[in-house]
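The same subunit A turns up in both complexes below, where it pairs with subunit B and then with subunit C.
Up next is the complex of A and B:
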């Protein structure tokens, strides 16, 4: 359409090349985001207990680091939902799978160190088999087993488990997405299908013989093998930096992907899928790529989140978590990456502040509003209002600001 | 024979337990102490010859507390006070004292030393007499419940001595059903304890095809085996099977069995080797191998053999040595029952029963599946209507189920009669959730018809708010929704096939809704309009149907059905604020598998999912979670092949 509006150039004359503008200049919001993220990270570092004046406690650093991971997850969710129009209710499951993959190594390696210490106190050194049996009975006695399940065969290898962080969510998303997209399951059907996948996964993990300790989940993940004598205040900062870096890189990657021609096609699929298909694009390929890539990033975010949380169990993966993720993105504003970050950070921090008992209760005289009881009610109805009256979410406010300036 | 002498007391105490449960009716006749005084001398020094008179006197009078007294009498806990000749039950008190308990009131009378009273010690013969009399008495008791309780006690702990007593009570039995039960019980006892082989075999053959748990337990008991081994298979041993080492018996296991009997020296295991090595560390070496190298099994064995050559540790046999040792013996499983005719008959009876048991199990499973399907149908049909007509996904549907259940709970707070309260709760729950549904449609969903994905989110917001509200109002713990007594039991065909009455009721409720919905949709003006809007809203509007009104009513109807279903579900599941969330995903599955917008589709979906889940559970009964996992996986695959469900709308009605 733009070509028609352009002034006609003389035949034979070279068409002027469109001015090449840098990616960052075209998307100033990315630059702003990086700036704010950098200032935030530096600020927290200077206020932390380990590297600063100690105003920000270690547990707060952990919460902030975890929030950064959730923001990365929300950005991934925004790309798959806000840009590609797939309301996936499975991305928190991918997040959890990443956490499980790294959690297996954390738990195995730490238990192995402890087991070796106690066994080597004996007169003769332990055999490999004795070590692995002792580790297995340590980890699995809680589910009444003392054998190492098959899926733990490579849990001693950090490289292998790191590969799993990427491969398990990636392959699951690839296979599931391929099955779902090729049979043209779209819209609410697809949402329900992804929810079913999440449900199946969490039900599977709830079983004691799933090999992942049933509803006990994996615990003690905050202790990093090899750095057991480093204080948590320092480790929490390392993870905070890693989370900030991951969010920065992830944001940049997604911002780059959704701009340009690829991004246009993806948005077009969201707006009118059949039309894009008739234009000759391989719609399934695009959707599959976006779905799988976001699943992988979600897995990575999970692998950074759970060592900070210290524990992962199947309840984390339950379908409700994925729906909350959608709520964050919707409140923050779909179709803009910073909106997802704002939504995730705001709602999850507010939620942990209000449900953690940090907020003062309000005494109305005749009734006392206890936030731990009423926060969910507020969130639920607030969310209905946002959906009804502010479909663009908080991000929509920026639009108004910009419009006013113009 | 100390075992048989002791045995009657064991089952007699069961019997007494059973009898105390069967409420003893208040009898205002002579107190027990007075009855005892009439036979004072015989009780004070019981003898085989005089005890029947005592028992007859006691049992004829049937004073309260007789059974407890007899139990104490048999357990040698009765004492006589020499001053007045009264009898008491004695319990051990502190410092070897005795606490005297009144036989009538059960109250503690006094604490005395053992010297103050005469302890009465009936001998084994007397005690057997007491037990037999008790059973006989109970088996011919006028109250049928007591007769049944006596038989239950016998079935729980059978004993050969009960056979003549049981046989004697059969001819006088007036109740045909109890008589049949007695005869079967006698057959079971005969099969187990009779000494004559032919009679036993006949009794066992009579059990063929009997699917009751009791009969199968007796047969299985007859077929119990124990492992044995000998150099030659001994004569007169009833061999179940011979085990071949290396095929159906592990070599190590066989060797260990010989070692247990001391026939061969035990083979040191991994831990024994490690401990032996630990005990023989010399200058950081074991058997000439430095300690730090002992990190694998092979090196450890090598070090052990070195120790063995020095004669320091017991030998570690090689595989060939073990084979040679084991080859000298025959390993077998033998039946505990020595009579081969009996075990053969029992095996045959059990084998032929197995098919029947399998069939009944399949029948029971089908009933359970049907019940599950009707629950899924109840949960999903409301959703199917709203989803089908309005293409709107209602994530708060589960909360309407919860709302209905809580309506039932509130009604039960005001109406104490369970039957009346359920009768009130069912329509009231419909009304409440109908109103809630209409309100939600008017306030929220109406504004989002063009944005279906956002309806999903908005209704989800409502869902979490309602859940938390319910938790704030009713508390986080589960509330009871009690079913009326006439729904409390179970419908039993035999020991295998039984289904609780409440599930039958739910099945009929689901059936009622099915018929009602089909009637409304196919035979009423509203149904016609609903179908028109389902198929083509635009065209329906042009024909003078008000889609707004239809949408509102449909949504109310769907929600109302969910509320009514909630009352039914609350009757057998716990009423909590999260109960709706447990059903929502399954309800969606049902709708999606069945096909959107069709009552029959939902029915088919519920049937498929219910039967599938129970079918999967059959293969792995212990694990309901696994069944659910596989079912969801199956549904995901199913959608691949029939993306529009079992009953798919065709043509333009399908929407695209």
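Up next is the complex of A and C:
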């Protein structure tokens, strides 16, 4: 009867809990990415005009900062498409909406400062009403109006507009996604639907009475109210750092989301949606969560991007932009976050180099290749070549490297 | 004893073709039941109806002690209520490891936020090891499911079904493409499972059904033709007609 004396072991207690390895330890690619991003940020800072030796011009800092925002957008796109299998052709619209939301405050607050300065020059101090009317006519005279549209009611409040950066893309994605996923619209039909949403949005914004200055869009966004005396070389660095931080945090967030059991469910949905349903998972809920979360991150990325670009107009939201986004992710490699970053950085930097007149035109004698015209042809060929020969994109090359090492 | 699953007078038509025609069937808990029948008898459609994939035109499908109707529930709700299904063609998530596949199926909360905050526990790890042992895939836990042989995929899917810990298992042709030794093992797994729960097996292979040694329902043209022990139904003249042709 020696058995009785033995301590009772509960089922499961015989085995120690699996050692809890840190998230970064288990996903070394995240650590590598953070390291490279950190070195890049430090490098640009040391070479900048404002804080370094001035080798990197302010306009280049802006381009690099904007590229970081596009990388964050591409990472979001990769999560929704590469991991969850939803080919959304609307994520650039969420990006643009974030830009519009912050742009409204930037434009209003700066115009208000300028208006006050000019009115205070007069003998009688202006009333609040006069200020607001003057601001309205300043901003909206280009579209033949001098009234502040209803959606600008809280444009003076930074807090409110920052909330809108998150809420507008988030709510649009939530409502749109709920309707689409609930009706089980999938595959190419969903892509067409998101594309239609994007088109409708940009067409609406093109109208003068949309309340967002029609095709003029919002401008002067590089001037930050409250810091109007700070030189652009410094402001551009602030935004560059903010963009790098946002990309780093966004990357970590998405890497965490796609790594655990949630990522496993999401990839399973991508590969066989009905089967996941028969396992008892509410597929629509998962898709809606991923769609909405990525839309919110896209909006945040846009809110950082457009103050660096200085201007936003409805052409930015045009359907083609969302298609480009998908192309970046495909070229970089779907289903791996760093692939999306590589694709977005490479293609968008190449595009600004070639279309910005930086690249020398090629004279063939009988024909002159002007890159501003031929850039899109090059991109098209590049896309076809990658799809044919590297279906896993540039990021897929890392797999081969790793396999060789093994 | 009330039935766990009760299908009564169910009919479903696809483009004018009556796939199920007044089908009535009851499954008890625990029970092992084989459903046989020629091609087009409605075996797979029967499973589609129970799991919510297909909505019947008429009839009732009720579940459990509370006699809840399954017809107004989504596929995911039905699965969470305790009905697990194994498809004819093995459908595992090929891109993920055997462990990940089992972990997906393992009984746990299925909500978005519960899954987001999920952390590996020793209990989960133990269950997965136990299941892997049962389906003979212990040494393949870290392999991609896509690299498994056909028979192993079948087992993995059976393992996933067991991981869900359902009250009713619907198993569509579990032994297809298996070697005789693998078949025997599959029979053992199903018989063990049926000691504590309801298991419905759709099968073509009479030899396999004989080894299951259970009550048999013969479907033909979308309705029950005969029911009873295998010897009983194979002696039935109508069953012989259907199988051997008139």
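To be clear about the criterion, the second predicted complex is superposed on the first by the 391 of 406 C-alpha atoms of A that agree within 3 Å, B and C clash if a C-alpha of one lies under 4 Å from a C-alpha of the other, contacts with A are read in each partner's own complex, and residues count from 1 in each chain.
Here, a residue touches a chain if its C-beta (ideal position, glycine included) is under 8 Å from a C-beta of that chain, and two chains touch if they have at least 3 such contacts.
Here the structure is a predicted model, which is why all the values come from computation and not from measurement.
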item	value
Partners on subunit A (subunit B, subunit C) - clash or fit	fit
Subunit B versus subunit C as contact partner of A:265, first or second or both or neither	second
Contacts of A:278 with subunit B and subunit C, given as first, second, both or neither	second
If touched residues of subunit A are counted for subunit B and for subunit C, the larger one	B
First, second, both or neither for A:25, with subunit B first and subunit C second	neither
First (subunit B), second (subunit C), both or neither touched by A:379	first
Touching partner for A:122 - first (subunit B), second (subunit C), both, neither	first
Partner chain(s) touched by A:404 [first = subunit B, second = subunit C, both, neither]	neither
Subunit B versus subunit C as contact partner of A:257, first or second or both or neither	second
Touched partner set for A:179, first subunit B, second subunit C, both or neither	first
Subunit B versus subunit C - smallest C-alpha distance in the overlay, whole Å	6
Touch list for subunit C against partner subunit A, complex	51, 53, 74-76, 79-80, 84-85, 87, 91, 93-96, 100, 103-105, 110-112, 115-116, 118, 120-123, 125-126, 160, 164
Touching residues (chain side subunit B, partner subunit A) in the complex	274, 277-278, 281, 286, 291-292, 294-297, 300, 391, 393, 395, 444, 447-448, 451-454, 456-458, 460-469, 471-472, 581, 585, 588-589, 592, 623, 625-626, 628-629, 632-633, 635-637, 639-641, 643
Contact footprint of subunit B on subunit A as seen in their complex	87, 122-130, 176, 179-180, 183-185, 187-189, 191-193, 195-197, 199-200, 203-204, 206-207, 209, 319-320, 323, 326-327, 330, 373-384, 387-388, 391
Subunit A to subunit C touching residues, read off their complex	11-13, 15-18, 257, 260-262, 264-265, 267-268, 271-272, 274-283, 285-286, 289
